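After this come two complexes, each holding subunit A, first together with subunit B and then together with subunit C.
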Partner chain A sequence: MKLLSKDMYKELEDAVGKEFVSQEPVVLDGYAWQPIFNLTNQKWTPRPAAVVLPETTEEVQKIVKICNKHKVKFKPHSTGWAAWGSPSEEGELQIDLRRMGKIIELDEKNKYAIVEPYVCCAQLMAEAMKKGLTCHVIGAGPNTSALASATSAWGYGGTGLSTGYSGRNLLGVEWVQPSGDILRLGSPGSDSSWFSGEGPGPGLRGLMRGFAGTQGSLGVFTKIGIKLFPYYGPKEPKVDGVLLDVQVDVPETEKMFFVVAPNFQKYADITYKVGDAEIANWFTRSTLAAGPELFMPRAAKKIYKSKPIRSLLQTFQHQGVILLSSVSKREVAYQEKVLRQIAKDTGCVVVDLSQTAGYGFWWWLMGVRSIPTALTFRAGGDFLTSYGSPVEYDNAIKQAEVATQYKQKYIDKGSFFDDTSDIGWGGIYEGTANWGHVEMAAMFVRSDGKASERMEYLEESAESTVKQTLGLGLSNLPPGSWKIYGPMLNNYHLWQARIKKALDPNRVGDEEWYVPPIDELEP
Partner chain B sequence: MGTKEDLIQIVGSDNVVTDKCILETFRSDLSFHEGETPEYIVKPKSFDEVQRIVWLANEKGFPLVPCSSGGERFKGTTIPETKGAVVVDFSSMKKIVRVDRRNKVAMVEPGVTFAELQAAVEKEGLRLEMPLLPKPEKSVVASLLEREPTTCPKYNWDAIDPLCCLELVLGTGDKFVTGNAAGPGTLEQQWAAKQAQKVSMGPAQTDIGRIIQGSQGTLGLATWATIKLEVKPSIQKCYLVPANDLEDLIMFTYKMLWRKLPDHCLILNNINLSAITGVDHSGLPPWVLVYTISGLEYFPEDRISYMEEEIYEMASGFNVQPVQKLGGVSGDKLIGLLNKPGKAPYWKQSLKGGVKELFFLTTLDKSSEFVTIMHQKAVSHNFPKENTGIYIQPIRHGTGCHMSFNLMADFNNAEEKDKVKILYDDAGKAFLEMGGFFSRPHGTLVDAIYSKCPDTVLALKKVKNIFDPKGVMNPGKLCFGEEV
Partner chain C sequence: MSNISALKKDMESCSRCSHCKWVPMAQIKSSRFAKICPSVDYYHFHAYSGGGKMIATNSILEGRSELTDNVAEIIYKCQLCGGCQVSCLAYRDDIDLADVLLESRSKCVDEAYVLPEHLDVIESMKREDNTLGMLKKDRGNWAEDLDVPNINTGKVDVLFHAGCRYSYDEDLHRVAVNWVNLFKNAGIDIGIAGKDEACCGGRAFEIGYQGEMKNFADDMIGRVKASGAKLIITPCSDCYYTFKYLYPKNGLDAGIEVLHATEYAALLMKEGKLKPRKNVDMKVTYHDPCHLGRRGEIYRSGWTGDDKLLRPVRFKQSGMLGIFDPPRDIINSIPGIDFVEMERIREYSWCCGAGGGVYEAYPEFASWTANERIEEAKKTGAEAIVTACPWCERIFNDEIEANAHDIKVYDVVDLLFMSF
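Showing the complex of A and B:
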């Protein structure tokens, strides 16, 4: 086990206080237990040499400067939800940002909040809802950090038609760069409030975030302004029960429908029409076969074996869930009228969920909170996801078709739970079907000895995105993927490597999820 | 071989301008700034020619100054700061490569103007998000790269919108394509796979498109861009909400934006409304909120109807009254104006001939404070109130707003011109101190703007060194002085 030098450890204690630094093995093992999205297929990540818990931006800056002085790599995490928040090698310093958990400001009129890293989406949403607002929540659930999703990670939220995409919702940013320099992007950098992230001049947000973030390789984000969006539901909903037993009273002006299409093409058609009509709050593909897997996984194993039931489920393969939401009955009535006409014109069927007994559950879990992570593991204890590039929705639907074929091969090998080979979810974003995504989830049991086959699936699915021109998505993100895709895409990795060199001269930011500095790639 | 011969070899002798009179026009513009006369103007017609020009500039060390729009120029960005510059005039790159109805996106070269693209997209049942009455010769790509605000905040999700992807020649001469246009696959392969280059993010973990936007040609040159379009309404109605006090409009505007009802949504004072419509300002109220609502493909009358009812009810709660005619200005006339590029003469010049625009970002709730200070400054400089046009444009769903003061004067009159110069500087510096955020720095305020953000300047210089290490791209602009 690698430890920090005594001098460095003492400097960290001086920076944040003795009780907020630890190198106790039992504590460090807690950080190293990271099975989720662990691409080694192990339950553990390399154990950090120590963990430090700063409370302020200034403390973060001191920590990063200490790392520079001692040439020790650091890895920050916010909620630490998955393995990419952990060090990639032993001897690194884990910066745990859980003491930075304040919603500093919630500007109701201008629809944005200023938050610290440990504010999870559930917290932000709860406060925002009191003001008639909400936030984007990625599919990993309301337990994730709003700041990390927007600055450092990736992920789509089912409500994106009305709440955008995490990386595009950023406004001002406070950033401790790997050199220890603090940079405030946009308006806060010029002593203005946090409503803008670009300028003066070039948009430097482009350095730290593209489709995905750099997972801490370019430093620590300590504060962001983040856009909030109108929310028309009850300000403080009465919610009884937990997860699958949730009961909620839903107002009449929140109406949810299943939309069922006869095939992929018709499903894409109705989706584009909904976007053009500007009617819905969100619209996400959600196959009927996903239901048994999520809500009754043990029964699902039997259900999926029944040929008649399989064919019934597959009849509803091209299904989505759509929410119409307003404070006004007139507006919702208009939207429903349009939806029904579009369905008629495109040969699709709509089913009014708001008339069903379990509607409160659907509305709360799927419509408001984004699905809780706990549900997505029920089938086998673990899952992976693939495809899902941000593209035009026709291409996203093509990804669903392609992914289904590839996944079936691995279901046949026993690598994945047999779920009729779809469970691709994803929808349209930003009000008008501006763009979309569909990703392919797959469930498995980690202890089944099929790890190498699942890695094969990931590689094969990634290759298919190139062969069939499906964009760069979730299949194409693993560490080192720049070696394959960089040369295909204008050598983007070389520009990133130059940015890395300029911002991290001592190479202290863990670069596993990003790139090494340019002098390593072009000596 | 000399630079001229090299340039002729790349673009042909017809596309290298050496006429002194024409070159001289680039030495200054209506920004009060004077720089150097360029050595040549060069007019490339393709990506390859642009790339060869940038390679040549790197090899021989001459500066490049990009220019895409025709007509008069106002901001000084195309004025060379150093001797020996070559202006890269994109006006010959005029292809509308593609208009995609289903994905609501167009791909255009930098010489395409708003008037040209608007006509093309309307044929497809789409509409183009534009700044407020852009001059007809304004390049769409230049406007996107300048991050100019558009008039429908509901479609404006992020600061980069409606710009999607870019094909670039970076300052090093390297090609780079941004967003999902980067690949995998060629453009043709992407189109065959039903992609349309509409996603601006990436590729991977960097947004070079976002970095290029706002850089005023100091980092690279764009050879095409894709632009997000919207569905053309089948019917539209325009309303005007008058007020004596700007504050009376603010909370109503916030509420309408929260409900996502209006398409166009902007506030004008009587001077700017007069400049736009040609109606005498004396018959107009001091402030007018202008908004439109629209019917789309399905049940358009129903959509208009419920929106009208909702907005009327809201308005009564805020003691404001939307009307369709006001002091000689009709909503119908305004719809026609808002949906098209402006006509000559440019509306900002129509009252006095000359105009200096002072613009920045703030939030709607602070806009009145800036108006108060501007009026105080105008009084102290003896500048007539009726020569100040004010425009407030909510952006990004209303998370912020663009605020613009048009200081109008007869620039042939030296005294009037000087008064504008002094007021521009004085008010601009006051606004900076009040928290006005000058995200698009121009003119004499640039140094003051960057003195507020030394950390940003440091980072920008690192970026400049990455993308333009030899400093050939529009040197001297923004914070990129000779010491870079």
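Showing the complex of A and C:
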């Protein structure tokens, strides 16, 4: 086990206080268990040499400067879910930002909040709702950090249609760079309030995060301004229950529907049109067949084996759930008329969920708080985000068709059971139909001896995005993916490598999920 | 002996989503009161969370880490409130987190990583049949002025089991006395064991001395059978949890129904045998004791499979079948009461801080946890926190006095008595 030098450890203790640094092996292993996107055959990810818990930007700055002084790599994380938040090799310093969890400001008039790294989306949403606002929640769920997906990763949730995605909602950033210098991007960079990500002040969003973020390779983001969006429901709804037992009165200014299409193409058609009409607040694919896996894992295998039930489930394969939301009943009524007309024009069927049991569940858990998405990353899970997200819908259809073939191969081999889903994790994700509950693959469930087959599936499906020209396969971008995508995309990685070199001269930011500095690529 | 190895699959199923640190997402009502786990909120490192403790334990089982004094402290710095399990099981089917926490303590004891404060508790239990270091001969003092049958001298229909803290904490004697009087006045044939009552043994199990509980359970079961009682009533939430969860889980069955005092009172009210009359003009909130609420959920026995993902939902210990409504029904039945809820309630309630041996071993942590709850209660504007557990009441009273909080603490029975 690699440890920090005594001098460095002492300096960290002086920076944050003794009780907020640890090199106890058991504590460190708390940061070495990351089943999600651990794309190796190892159960554990590399154990950090120490973990440190800063409380302020100044403490983060001190820590980063200490790392530079001692030439020790660091990896920051906020809520810390997935392997890219942990060190990629032993001997690194884990910076756990969980003590930085304040909503510093919530500006109702200008519709933004200033938040620290450990504020989860559900916290931000709860406070924003009290002011008639809400926030975007990525597909991984409301337990994720609002800051992390905005600064350092990607993510697109069910409201993507009306809120865009996290990386686009960034309005100013406080950034402790790998050198230890603090830079404020956007309007806060010119000592203004946090209303704009591009200035007045330096507008370096592309350099800072690009499309997919740098997963903590380029320093530590300690504060962001994040855009908020109108919310028309009750400010503090009375909700009973925690999941399937949820009961809540749905306000008359919100209405939810299932939209059922006869095939993928029709589903794409209605999705285009709903987007063009700008009537939907939330729109995500939600096939009937996802239900058994998601909520009835005990019965799922039997259900999927039953031919009549499979047939019924597949009838509702191209189904989405849509939330209409507005300031007035009249406008929602108008939106409903538009939706029904679009459905008629595209040969789809609209089912009014307000007439069904469990309506409150659909509205609160899915339409507002994005909770079913939190049922992902587990054996017997599911994943839901907006259809089409970063790529056009026609590409999504193609991705699903290709993914179905790849998945079938592994179903035939017995790596997964046939759950009727048409896509899966792997290279093909977020941009596809987003219903691929083969979480046994993404999760570290290796007790049944099929782990290597699943790894093979992940690799093969990742490669398929290149072979079949499907665009970036985000979900399974392995470390070093720039080697594949860079040359295909005008050598963008060389620019990233120059940025890395310029901002991180001592190479202390863990670059495993990003790129090495330019002098390594072009010696 | 610890059975921790049997739970390895549960530990390895952790996806590190950290839901175990938060109130279930559907119930987050504010940023301030969004957390569920006192341990990780106070000590911060992931190893202190429910998921983190599973990872830590798995690390030890795999030989990556050693069980040391420091590691044992991480395991013991936890009230075993069960909040992590509720939040985990809201989304998962295959992890019994609270069982991992219990078994990891047992492993600590097996390997002699024990705390002196816990040893005091065990010594007291062995020597004097109580957890508080008091004399056995004084156990019945609380009932000195009560005109109530002793089960050693005659048969009764209902046995009232006071529990250690109600028996010895003089500030809380009134609660036990009032419950007995209330039931007596309702015409119930109720008796007590007086100085012959002994600890239920649950605290020993929780702090890792699992084998000790059996002795107390055998004693308890024998006493109950001899009494001829058909029902045990206890006002203590810890005892209730022991009877409803720990005994059956460990194959210890008294063959008799057990109710918490609030459950029984609520039943009697429905039958018209208890009826609050006088106005009690007070704004109050209710604190769900962990061991009466989510941990008070009866042990769901009968499933013996290997793959918990396939376990029928009726065997899932989700906490939602704990005792939540009877205390609220009683409070709401009292004329004049203005009842308001805190943000974290029922199975996703925040702990008082006193459980799991923390009150004895880590008083600062216990105190911090209690103050978090008191702040939450004060935010409702309530004049008083009402609860139904001696440990909650003790620590709330201590902290309110120490920090000059402007709020009072009552047991449910106090309000009932004000109304009679």
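Convention: the second predicted complex is superposed on the first by the 472 of 523 C-alpha atoms of A that agree within 3 Å, B and C clash if a C-alpha of one lies under 4 Å from a C-alpha of the other, contacts with A are read in each partner's own complex, and residues count from 1 in each chain.
Heads up, the rule we're going with is that a residue touches a chain if its C-beta (ideal position, glycine included) is under 8 Å from a C-beta of that chain, and two chains touch if they have at least 3 such contacts.
Fair warning: this is a prediction, and the values are worked out from it, not measured in the lab.
**Student:** Record, for the superposition on subunit A, whether partners subunit B and subunit C clash or fit.
**Tutor:** By the criteria stated at the top, subunit C and subunit B fit after superposition, with no clash.
**Student:** When both complexes are superposed, which of subunit B and subunit C contacts more residues belonging to subunit A?
**Tutor:** B
**Student:** Touch test for A:Lys109: subunit B only (first), subunit C only (second), both, or neither?
**Tutor:** The first partner, subunit B, only.
**Student:** Treating the CA centre of subunit A as the corner point, state the angle out to subunit B and subunit C, nearest 10°.
**Tutor:** In the superposed arrangement it comes to 140 degrees.
**Student:** When the two structures are overlaid on chain A, which partner does A:Gly30 contact: first (subunit B), second (subunit C), both, or neither?
**Tutor:** second
**Student:** One more residue to check, A:Leu204. First (subunit B), second (subunit C), both or neither?
**Tutor:** In the superposition, A:Leu204 contacts subunit B only.
**Student:** Which of the two partners, first being subunit B and second being subunit C, lies in contact with A:Gly291: first, second, both, or neither?
**Tutor:** In the superposition, A:Gly291 touches no partner, neither subunit B nor subunit C.
**Student:** Would you sort A:Thr214 into first (subunit B), second (subunit C), both or neither based on which partner it touches?
**Tutor:** The answer is first: A:Thr214 touches subunit B but not subunit C.
**Student:** With both complexes overlaid on chain A, does A:Asn395 touch subunit B (first), subunit C (second), both or neither?
**Tutor:** After superposition on chain A, A:Asn395 lies in contact with subunit B alone.
**Student:** Compute the least Cα distance separating subunit B from subunit C in the superposition and give it as a whole number of Å.
**Tutor:** 22
**Student:** Would you pull the subunit B residues touching subunit A in the complex into a rising list?
**Tutor:** Of all residues in subunit B, those touching subunit A are 102-105, 147, 154-155, 157-160, 174-177, 180, 182-185, 189-190, 192-196, 198-199, 201-216, 218-219, 228, 230-231, 251, 254, 258-260, 296-299, 302-303, 306, 309-310, 361-365, 396-400, 432, 435-441, 449-450, 452-453, 455-456, 458-460, 462-463, 465-466, 478-479.
**Student:** Where on subunit A is subunit B touching in the complex?
**Tutor:** 107, 109-112, 132, 164-165, 167-169, 171, 181-187, 189-193, 195-207, 209-214, 227, 229-230, 272, 276-278, 327-328, 330-331, 333-334, 337-338, 341-342, 389-392, 394-395, 398, 430-435, 465-466, 468-472, 482, 485-486, 488-493, 495-496, 498-499, 502-503, 514
**Student:** Could you please specify the touching residues of subunit A with respect to subunit C in the complex?
**Tutor:** Touching subunit C: residues 20, 22, 24-27, 29-31, 33-36, 43-44, 47, 51, 53, 79-81, 96, 98-99, 103, 119-120, 122-127, 141-143, 236, 239, 241-243, 245-246, 297-298, 364-365, 369, 371, 374-375, 377-380, 443-445, 447 of subunit A.
**Student:** Over in the complex, which subunit C residues touch subunit A? Could you list them?
**Tutor:** Touching subunit A from subunit C are residues 9, 12-19, 22, 24-31, 34, 44-47, 49, 52, 55-56, 58-60, 64-66, 70-71, 74, 86, 90-94, 309-313, 320, 347-348.
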